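In what follows, chain A forms one complex with chain B and a second complex with chain C.
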Partner chain A sequence: MMIEKESIKVVISDKAYPLPIEMRPLWRICLIIISIAVVSGEKKYLDVKKVNILVWMIIRKLRWVEYENYLLGRASDIPLVSVDTATYKAVEFSMSKNFVELKDGRLYLSSKGKDLYEVLVENGIMIDEIDFLKKFGKKLSNDKLKGLTGGFL
Partner chain B sequence: MLGLTIVSVEISANTNGGVFSEKITFEEGLNIIRAENSSGKSTCINSLAYGLGLEAILGPGRKRPFPKSLYEEIYDNKVDKKPYWVSSSSVCMVVRNSENQVAKLTRDILGKDKKIVVKTTGIDSDYFLGSSGEVGSAKSERGFHNWLAEFIGWKLPNVVKFDGGDSLLYLECIFPLFFVEQKRGWSEIQANIPTQYGIQNVKKSASEFCLGIDSFDRNKKLAKLKGKIDTGKEEWDSLRTTSEGVADYNSVRISKLVDLDEKSKFQKIDFMYLENNSYISISAQEKSLKRLLESISGNISGSAVSNEKINSQASIVGGVRREIGATLNSIESTFLAITDIDFKLKTLRHDLDQYQQLRRLRNVGSDISEDLNTEKCPICESDILDTLSSSDVKRAPMTLGENIEFLKNQIDFFSSIKIRTLTDLKELQMKSKLLSNKIDSEQEKLDALNSDMNDTNGDLKAKIREKIEAEIQLRSVTKLKQAHDELNNQSERIFNSWKTAVDSLKLARKDVYQDDRSLVIRKLEGFLKENLASFGFNPTSISTVSVSPHTLRPEQEGYDIVAETSASDYIRIIWSYTLALLEFAGMSNDVKHGGFVVFDEPRQHEANKISFASLIKKASECKKFKGQVIFATSLDRADLHQACEGLDVKLNYYDDYILTLKKTDESLKLTGNQ
Partner chain C sequence: MASFIDNLSPKEWEVFCEDMLRYHYGARNFWLVPDQDSGDLGLEFFTVDGTLFQCYCPEHGVEMKMYKKKIQKKINDDLKKLKDNEHEISVLLDEILINQWVLLTPENKSKDLISYCNKKKKEIVSENISYIDNDNFIVKIETSDSYKDGKIYAQSVFTSAIDIPLLEVTEDEKLKWVSCNSEFSDNIGRKSDALMGESSSKFKGVVVEKYMQIDKFLESLRNDHPDLYALVEDSARAQLENMKETSVFSSSIDKEFVQNVVEENKKAFSKHSKIMSANNMQSLSFGYLSKWLAECYMDFK
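Let's look at the complex of A and B:
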């Protein structure tokens, strides 16, 4: 029996595509800002590595229980954490826009960065993320950081 | 049209020392009662409402609207304060209607206070207040409010209540528009409207009635139609429950009964039997059973049950079991699919929420908004894509708005899939239930055939059994058919009645009464603004004041004036609005008004002297259209005199108590002896 061949037309589209929100520069900048503002306390600076790990965690809401257990020492399993180049790009963006300053491997929140944090709080933006950071952000000690990265980050 | 003019009011109290009384006469135009505080001004003002049986408009505490001087003890003057004990007291009012008919109304304060004696053309008639048995004062022929409404020339409309029923718009609901008493009256327009009658939008209804733009009949019609629609829906739901119960009892599948909404079309209820893995209608089942009975009846003979028959029945049982297994698998996979969809929906909703937060941040209208722009490189200012992905990709991501729309579409898409999957699940569960019933009956048949195997008449027994079963089944099918027809008749009736109500409601809502209404509101607004200008209201603010088409009360740029305005401005708005209604009614026969306006202490201290002088001037001008305004005030005598200079105002000054001892016991005795 003959099988009738059908011709398939390949179309290459340049139509705009949907983007996960964490890949939007502004969203990621805000995640960096809240990480520093909430976890650093009065000094308003935080280690770049810690910022990277915290942003990795707050993006992945479904794994928050797993991170919580690790940070509180309830579980010995080490959650998977990796290098996220998008966060480094966002850090560069934040620095260029003067929201943060980099000094000695630490990210300092500038007065503009503090203003942005105020705007986020006033407008009820990132409430869940801020809440997670308030509860567990400070539990990310240097030892926990080393445990997560194996000292390579 | 102005309803009444108050000619006079006389308050009397009989005491152990004689009769204390005062008769105040009123004229068209402005009437002022001036006395110091605690002299009995409010007693005089309250007596106007009381004499008309309208003490409800005096606010809470209306059951005893007078001080103890009219119930217990009264003093002859402010200096000696010699007490006299009150044995009875009353109010006597003379009123005139728009046809110049005069009526004298007498009501006891201490005594028989539920009765008003009305004297017209020399005849005394008793009318009652409150309710007499089931019928209230406004409805009963002997009810005073019924008489008063007729005397004024009003036909009180029926309005919708919160419980869906209807009620008369009582006079107590209308008169707060004309009567501003001292305690609560200045806190709000129509402050003292009684709410105990449970009338929907009572304040608006009262204003609509007065302005002649009432939509009471229309509202009643709408409420009635809405009620019919609700009843239709309730009956439909009840029918659905009954039909499902019938289907369940008879082990049949029921077609989905549609939800009643504007787009729904009538669909008959269908019951279907599950036979040989397919659904057949009641009629088909009935035919097949009849054929089976015919074939059995023509072929009943005695022999042993054949292996072939048992094997055939065993294969039927096996088939049904396999079908049950397949259905249960489908149910399980459908459950899993629903769980997946739920998870997907949860994620999408979370993404949407975050995107909406990001949009909110972008829209922040502060100095920071410029810094939030990520579409330009902060270093070289060149255009960049709004993404942190690799710069090798040249395709642009969606904008925030597009991405939000995309997520909303995805949510709609998955929600509709969920609805369809839930329908499939319900269908599968129904099928599983039917199959469970089926397996029981087929297994019973197989067991019976097996037990008949060694019997020489086994086949005969089996056939007789089969016949009996078929006959029973046929009877139940016939019964189900009857129930089916009955349910369909009912559903058609309910659907048609519901549909008619829905269509009628659509038509009723397209009424053309809106144009007249807007015109009347604009006219009232004109009077209001003119008065505000007279009372020295800020000219810029006047342009922002309007009469709300929704509440028919003044508002400022769409906001409630009470919350927005200073006390002085708000007092002037109450003056302006109340007098605007009087003037409008004086000029137009279509606008209904009680005919008089009463201001008890018109808060002259909170407005300034100039405003108060303008109020007096404006109020005195109501004589031109035969309106009547009554003020009670404790304003300084000289100031009042100055404000009224050159104006046509009837002034009543009192330096001591307003009620004075007119007849002593001795003089009464002398009068009696003569």
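Let's look at the complex of A and C:
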């Protein structure tokens, strides 16, 4: 039905814009925690650049095959990795909440961070992401890192 | 074939040099001299190691004699400013002692220009300028080859305009979308009628197509370029907020209203034109209008 033109008014809604899940700080903090916990081994620290790339990868489930092929050297095509400052912001949040500590370009998992990792595992959260990290996380060598970022990260 | 640098305009050359040197020197060691407030004193940039930079991109295709004359004039004019603006430059540099003045140009085509630089160096030294290190001062022409890493970086910045292919929507796909998205489709139908009256069906078809395109486009942007996605979404939210204020003054809601929204969107998104292709930019203007109509951020009562 057509409304009388003279009476029409524009109404702009105040409803909130949805924030994609990967942009939510708590989600991303957990991704940082599992990356360090799974890939770093006993030492529980990881190069901050590697954390950034691993988080980029585990967010993008649909591209895991592509990342797997690159990390295992089965494909020479370099997957696209772009700037994602949300991870850096989440690193800062993680530091201020004492989940991690930044020292000499490395992120160290604190005891609080280790506790959070245990909570995630016990509750079956991020199972697929943890599995991906277990299988391929350690394959992200410095050379592979440089290949992905062109040395600019 | 012309190289990447050959295709840069003089203004682009300046921006390219800034990106290149910022990368080469790092933020702590690099200063840009802004020119919006009473000029730049004849300086483009300076660095902590005591270098003053000027950029110059002479026009292509000029004969050698004219080329040399243009470069020499640039060097001469800008070096003159070192003495003319001695006090202001000295304040700007604080305690940095200058040991070289560099003209950054895409290429140096003549050895005569090196001799010219040497001659000008002597002239400057004889001026005894307070912030010049007379014992070590040189005047030099450099090209981007002297800053290899910075050059690669700056080139990657320039050539990385994002161009995501837009979804091509067939009539069948549109019909399928309409049947699977009844809420959004009803919203579009109702608002198209309100805006266009009896001739609304064509408009509705366009809105559906644009909605499908922007939905897919934003999904790709969010996936591949999350920072740019966040910027675009910020611009869209700001634009919507802006419309909330301006819509108070709209006397009639009609085709002209739609055109105005699209035009205003174009302006709002134009700030991303350096990092996004023209085609992608274009898709945002009508695309966001479609999104607002479908998702009820914009309604008519």
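Keep this in mind: the second predicted complex is superposed on the first by the 144 of 153 C-alpha atoms of A that agree within 3 Å, B and C clash if a C-alpha of one lies under 4 Å from a C-alpha of the other, contacts with A are read in each partner's own complex, and residues count from 1 in each chain.
Everything that follows uses one rule, which is that contacts are C-beta pairs under 8 Å (C-beta built on N, C-alpha and C of every residue); 3 or more make two chains touch, one makes a residue touch a chain.
Keep in mind it's a predicted model, so treat the numbers as computed, not measured.
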| request: Figure out whether A:9 sits in contact with chain B (first) or chain C (second), or with both, or with neither. | output: second
| Does the superposition put A:93 against chain B (first), chain C (second), both, or neither? | first
| After superposition on the shared chain, which partner residues are touched by A:115: those of chain B (first), chain C (second), both, or neither? | first
| Which superposed partner A:60 touches (first chain B, second chain C, both, neither) | second
| task | Would you sort A:72 into first (chain B), second (chain C), both or neither based on which partner it touches? | result | neither
| Residue contacts with chain A in the superposition, chain B compared against chain C | B
| said: Just checking: does A:17 make contact with chain B only, chain C only, both, or neither of them? Give me first, second, both or neither. | reply: both
| Between chain B (first) and chain C (second), which does A:82 come into contact with in this model arrangement: first, second, both, or neither? | second
| Intersection of the chain A residues that touch chain B with those that touch chain C | 15, 17, 20, 23, 86
| In the complex of these two chains, what residues of chain B are touching chain A? | 350-351, 354-355, 357-358, 360-362, 364, 366, 368, 371-372, 374, 377-379, 386-389, 395-400, 402-403, 406-407
| Which of the residues in chain C come into contact with chain A in the complex? | 153, 156, 193-194, 197-198, 222-228, 230, 233, 237, 240-241, 243-244, 247, 250, 252-254, 257, 296-301
| Touching chain C in the complex: which residues of chain A? | 1-3, 5-6, 8-13, 15, 17, 20, 22-23, 60, 80, 82-86, 150, 152
| query | Which of the residues in chain A end up touching chain B in this complex? | reply | 14-21, 23-30, 61, 86, 89-90, 93, 96-99, 112, 115-116, 119-120, 123-126
